[in-house]
Each structure stands twice: as C-alpha cells, then as structure tokens.
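We call the chains A, B and C, going by the order they appear; numbering starts again at 1 in every chain.
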Amino acid sequence: MSNPDDIEELITRLAEALAAHLARCGRDAPLMVGVHTGGVWVAKRLRQLLAIEAPLGTLNINFYRDDFTRIGMHPMVTPSDLFSVDDRHVVLIDDVLHTGRTIRAALNEIFDYGRPASVTLGVLVERSGREIPVQADAIGRSLDLASHEYVKLRGPEPLSLEITSKS
Amino acid sequence: MTSTGNTLQVDAQGRLKHFLTIAGLERDLLVNILDTAESFAGVGERAVKKVPLLRGKTIVNLFFEPSTRTRTTFELAAKRLSADVLNINASTSSTTKGESLLDTLRTLEAMHCDMFVVRHGQSGAAHFIASHAAPHISVINGGDGSHAHPTQAMLDMFAIRRHKGDFASLKVSIVGDVAHSRVARSQIHALVTLGAAEVRVVAPRTLVPPGLEKMGVRVYDNLRQGLADADVVILLRLQNERMQGALLPSAHEYFQYYGVTEERLAAAHPDAIVMHPGPLNRGVEIDSDVADGSRSVILRQVSYGIAIRMAVMSMAIGSHAAAEREEN
Amino acid sequence: MRMRISSAHVVDPANDVNQVTDLFIADGRIVGLGKAPDGFEPERNLDASGLVLMPGIVDLRARLREPGAEHKGTIASETLAAVRGGITTLCCPPDTDPVVDTPAVAELIHQRAATSRLARVDVLGALTRNLDGQNLAEMGALREAGCLGVSNALQPVSDTEVMRRAMEYAATFGLTVFVHAEDPWLAKGRVVHDGAVGTRLGLGGIPEIAETIAVARELLLVEQTGTRVHFCHLSTGPAVDMVRDAQSHGLPVSADVAVHQLFLTEQDVDAFNSYCHVRPPVRSLDDRARLRAGVRAGVLGSICSDHQPHELDAKLNPFADTAPGISAVDSLLALVIGLVADNELTLAQAVKALTCGPAAALGIDRGTLSLGSPADICLFDPDEQWVLDDTSMLSRGHNTPFKGHTLKGRARCTLVDGRVVFEASPLRAAVG
C-alpha cells in the first residue's frame, strides 16, 4: 500500500505526537517498550527520533494471550526482555491497534514486572474494530476498515504497510 | 522399529498431547521443547514469578513412589503457570487399600482435572494411564519403573545445550547403573535423537542390560576408557538395593572402579561438564571435589528442571485445547 | 446315529489320507472311508463339499478355570467355545483351585464336562502335593481317576532330588510327566524376553537360558530314569534343538508349542501391550522361525492353545502387574490355518500338530479317522473370513492380542463321539 517514505512520515508523526503527549503530562526519562514483532521495529526508530537513553524493552505477549485455551501454544519467537518498570514512565509501542487484546495482554505482562508510574500507548496505525476499551495516546494514522480487511506491518527492512482482504 | 505408542503422545498435527517417553519423538519436537523452556527460564528471576498461561487449570501430581524433589519442581512449575495443584501421595492412600489404578484414575477424573503428572514404580504405568484417561486429560510421565523419565532427560539436554552448545560435536558418557535407570534410557534416546556425536555407557557388566547397543550407545566397562575425551559426563545414582541383588559386592568397590574423582576426570576433555540427576551419593558414584568443583553444573540442573516442566506442561495442555477447538 | 458326510476334503495324517471323499459314522464311531460299509443306511447326509474334514482337534493344554476361578471361565463356557472352534478334546493342567492332587477334583472336572456334553475334557494330575515342589502327589490314585499324566503346572520343582524321585515315581505308574521348563531364579520377577525390547521398555527380561538350563536338567534326568517327559510351551530355538537331539537319541521326549508363540515376538510387546503378556514370554524373530521349523520337522509334535481366559481387570494394569495368558480356543484353528496359507506349514503338518500329535503325547485313542475309532470330527471352511471380536468370541475371556484381526478359516460343524455338538447354519457360509 504505502512506500517507505510514507512509513517514515507515519513514524515521524507518531514521534511528534508522543513527544507532545509526554511533555503535556510531565512524563520524563521514559522507558520505551515494543511489542514483538512489529512494535519492536517501530520502537527502534522512535527511540532514535526521541533520543531516549534507556535501553529498549521488548515484550513477547505469548504467555499472556487470551486465546491460549483456544489455539494452544504459539511457537516462541523471542522471549520478553524487560528491566524493572517500577516508578518508570513506560511508553508502550505497537504497530497496529485493532481489537485491543494485544495491548490488554501487554499491560498485564508489564504489571507482572513491577509498578510503573504511568503507561503511554503509541501505535503506528489505529484501525476500527475495538473489542476492549483501549485507546492510544498517540497515533501515526487512523484507518477505517471493514471487518474482513486486515492491515499488517511488513519488515524489518524496509518497513511497509499491507492491507489484505479475507473473504 | 515400533515407537512406544507414538500416536499416543503426539497428535496428527505433530503437537505434544502427553509426554511419556523420549523414544519416538522427532528431533524438531525436542528442540521445540528446549526453545520453549528458554522462554520460561527468565520467569523465575522476575518480581512476579508467574505467567497466567494455565490459570484455571488443575494439575494433579499423582505420585505412587515417594519423591520430594521431582514433585516439588513439578509443583513449582505448575504454580508459575498459575495453575492449581493437587498433590496425591498414592503410595499411602487408596491404592494400598487395594483400589485398582484404573479406579483411582476414574475418581480423580470425576474432580475435573486437566493434567496428571504420574510417578509410578512399574514400567509402562504412564502409558497405561494415558491410554485410559478421559480425552481432555494430558499425562506427563514423572518417572515409571525403569522405563522413562523424560522431563529429567530434557532438563539434562537443556543444561548440555546451555553449557556446551550444539550436540553434533559432543561425546557424552553416562556412568552407572543403566540397567535400572529410567533417567539413563531417556537420556540415551534424547542424545541420539538430538544428534550427539557419541553416546557412551560406562558400567560393570552386571549393570548393563542386554541389547543396549541397539539404542545407539557404545558400552565400556573401564571408566578411564569410557571417559576419554568426553565433553559431558553424566553420573547415575547407585541405589543401595543393588548390593543385595548379587549385582555388586559393595559401595566401596564401586567407588574404587567407577566413582568419578578429579583424578579420573582428567581423562575427559578439559572443558567437560559433570552432571547428576540427584540426589548425590558422595563417595559412591561421585567424589565431593567433583560434585562441588568448577565443572559441575549439578545445582543449575534444578532450575532448568522448572523451566522444562513449565514448557512441557503448557505444550501438552495447549495441544489438547487446540485439538478440542478444531473439533468444534 | 448313522451319518454320511459326503464330498469333504478329508485330511487324516495318521492314516496318510488327503483327498476329497466320503466318511461314514455309526454308533459314535468311524465305520467307513470312501466306500460305505455293506448295507449302510444313513439317517443323516451331510453335504460337506468345499469343506475340510479333519479329526476333532485335541488341545493339549487349556485352562477351563473350574474349579476355583469361575469368574474367568467355566467348563460349560469354555467347552462351548472349544467346540465352536473345532476342538473336541481339551486337556487341563492341574493348577485349578483346589489343585488336582486328589481323585475327587479330577472326578469333579470329568463330571462337569460330562454334564455339559460338549467337548471331552481330560485332566493332568499334580506331580507334587499342592504343586509345592517338595512332596509327591498320590499319582497312583490320580491315574486311576483318569489323569492322563502328571505335571507341576507353572510351579518349579527346584530341588533336583525331588524332581528325580517324582519322575521315577511317575514312571512306576506309566505316567508321562508334563514339564514347564523354566529356571526359577533366572525368571523370578521378570516378565518379558531378555532382549533389546525389554531393555528399551525397562521391563525385567527372562533370558533364553532360563528355558534351556531347565530343559537340560530334565533331559539328563530322563536319561537317568527313563521317564516319558513332555515339554510344554517351548519358546526358544535352542530348546527345540535340544529336544531334537534327545529324540534322535531315542529318549522318550515330546514337546509342544503354544499357537501364539508361532506368531508373536518381543516386538509385539513394544507398546506395553498387556495382551501379549504371556509365560514363557514371546521372544525373538529367530526363535519364532526355529519354533515353526520345529513343528515342520515334527520335533514339536503338537500345537496347543495354551488357553488362559481372564476377566477384563486382569489385563488392565501396568504391564508387569497384569496376569499372563491369552484366551485362545476361539482362534486356535484359524491361526494354524493362517500358517498354512502363509506356506509355513502344509495342511497335513498343521492337522497332524492339532490331532494325532497331541493325542499321542496324551496317550489317547483320538485325533485320527482310523476305522473303529471314536467319531470326533471337525469340519471347517478354509476360505471363510471372519473377525475375532467380542461378538464372535465364545470364551468368557476376551484377552487376546488378535482381537480385531480378520482370520481365515472357521469350523462349521463339530462332532464328538458321532454326536453333533456344533453346527453352523447353513453349513457353508455365504461367499462374499
């Protein structure tokens, strides 16, 4: 759908929105955490743009999914890699916000690591179809899609967005 | 060669339904278990040592043989997966009153459990339970007679992979009472399947069962020869009963010829690691210097055991869930 | 009743008969083959075209479980299953409860069989009192009560001196000693063949020498005492060789093999299949080949069912906790015919091992179609295919690893003493 320049534009827009939100809420020395796999790709770029010092945390939400009892064990990609979140301002990044279930799982996992001071949610693309009351604090772009349409971030190099249709 | 009930353990989609024996499992599945265990290994170091994966599930530790350490690690593994745990010490309960194994099983099934971890004195007990358990139940073999102890073998493989890397170049020597050891049998299957360069067994002839070479090992009755250039040395516990069965004259003589000391270990590769499933008989199969020495990874084996058991439990319960979903 | 059975493929190895012909029966005996006796008017004419006619099967060893274990089977239930399978004579070992060490128990068994009026039942008496391996049983009285021989069933006689004296005493009364050759110390507490499969499964193995050491001891005692000895259910190739040597040197030695040993090997135990838990254990492919060769050569003169019916629970446990034994009378004929179909045995060899071979070992006037002998007949369809399952098995015990298998060969009519004790209707099953 989009070319690499468009992605760069989305990331830049997201970075600006995040910076604005963090400043407005007075959240400094943020700790960035990306959700595997697409969220990590995006978070890496964002961390550079926002000049965040703390090392990037990564989350594999495999053990926190709500569909384990329906589909069983997923093959593991990489395990979560997160430092202490106690009293930190966590900036949680994912590529696509759709139903909200992934973010629900990610929040549960973050809170098993400790008690953050706050969590800010930034997503590259937000699309229609929320099933859980989750909202992003900063977005790159909003999309209105039908229920049979899906948007996916391809990467890691180059990054591109792909919209597919399942009939 | 027929594998021991492989269609019992693994479903048509290649998912693990029960974990009864290493024999007959594909290499990819074993590697999958090791990889899954890697992701669980970090859980024990977090503030909240739990993941919610098996929340709402009930796991029954059905132990017909007493065992504190194995039962405790299974219990810890289950709790770290947020499952509820029931410990049944069947060696003193209804079975000694004459209740058949099947009846014990049916009674427990009526309590809506999801998984049995079984340890029993008879070879084939875990297979028997898995063959007769209700379809939604997973069975993990915690050790049956002299037949298999697959979770122990997998944690040993995990330790070897962590400390020595890829199996293809490794010479592994298993020293001790292989004839009566379920751990040794499972280790041999695992090492052969994972492609170890050479698997050796070192023991006096009375402790080597017939046809062992067919399992893919070379048998030595001389310790020095058996340890030559070994990268991994696994020691088996020698039980006191062996002295009564006209198998060995004394623990003293066993230590003289088969006990692993620093001096004898010199025959092995300088970077060799020493392992033992525990508990140790110091001065019988192992010298204290070796047990507490730099090459020993014995203490670390315990924590690996929790991660492996978490992996196997979640894979088995997950497979049942997925299969059930596909049926509906 | 006077009967003519026409156009059957008659196989009677004792008299070298193997042809399609007619058979004539009167007063419970065989009175003619091929040609009717003068003035013979049959009251019944059985058209047996397409069927094989052989002497009724003499099953050298079958446990009928009565007295003492009626929950596993009774003389009524097991003789019914037997005649359905073409078996007309069964011989049971003395390990009933109480043991057949008194004439009263032998008489009880004979009476029950007579009441059922199905297959004939013969009995072996105990070698030692209560099978204790120490004190001689009253073999004279047992012989008089009709016991065909004596045996210590599956209990060992470890004391060599006791075995020697027991054999001498048995010989005094002309009794054959039926021996279960197994060294008790090498076999103690073990359940499978001592080989690669047993090692893999972690199940204690009984080595071949457990059988050959016992056979060696018994053969030397035979040489010493001249007692007639029959080795029961041999399981190893080397033991067959030892018996062959002994026979060629003129020793009065015979032997049988249990039908399952001609089929199953240690591989069949591989998934802890408790239906293959038997005593002696099933062994290697080489042993099986040599056992089959032993039957062909006549060294193993009999194939028996070694029938051991069990209730369901007896097999529902981890392997070593299950009771050994297979329920076999329902399938004996079909399995042996299977060996003929696979060219392992000729039809004549198969029939011999089921009829005159065991009859000779027991010393009874059965197992042949000789003129004047009792009309014990098995008429079977060699082509009929059927499935061995809970519906088709008549024995009370359904413990067999052959359950679910499609077998070829089935009895259609059985006569004992000229009396029809089983008849399928129609006589020949529909083809298709």
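Observations, loosely collected:
Following the convention adopted for this analysis, contacts are C-beta pairs under 8 Å (C-beta built on N, C-alpha and C of every residue); 3 or more make two chains touch, one makes a residue touch a chain.
Small disclaimer: the values here were computed from a predicted structure and weren't measured.
With centres defined by CA atoms alone, the chain at the far end from subunit B is C.
Chain centroids computed from C-alpha atoms place B closest to the centre of all protein C-alpha atoms shown. Each chain gets one centre point, the mean of its Cα atoms, and the points for subunit A and subunit B are 40 Å apart. Chain centres here are Cα averages; for subunit B and subunit C they lie 45 Å apart. Here the CA centre of subunit A is 77 Å from the CA centre of subunit C.
In subunit A, no residue reaches two or more other chains under the touch definition.
On subunit B, the positions that touch subunit A within their shared complex are 15, 32, 35-36, 38-39, 41-42, 46-48, 50-53, 314-315, 318-323, 325.
Contacts from subunit A toward subunit B in the complex involve residues 60, 62-64, 68-73, 75-76, 78-80, 84, 108, 112-114.
Interface residues of subunit B facing subunit C in the complex, by the touch rule stated above, are 1-2, 4-5, 8, 23, 100-102, 120, 122-125, 127-128, 132, 144-148, 182, 185, 209-212, 214-215.
The touching residues of subunit C, counted against subunit B in their complex, run 194-203, 205, 207, 267, 270-272, 313, 316-321.
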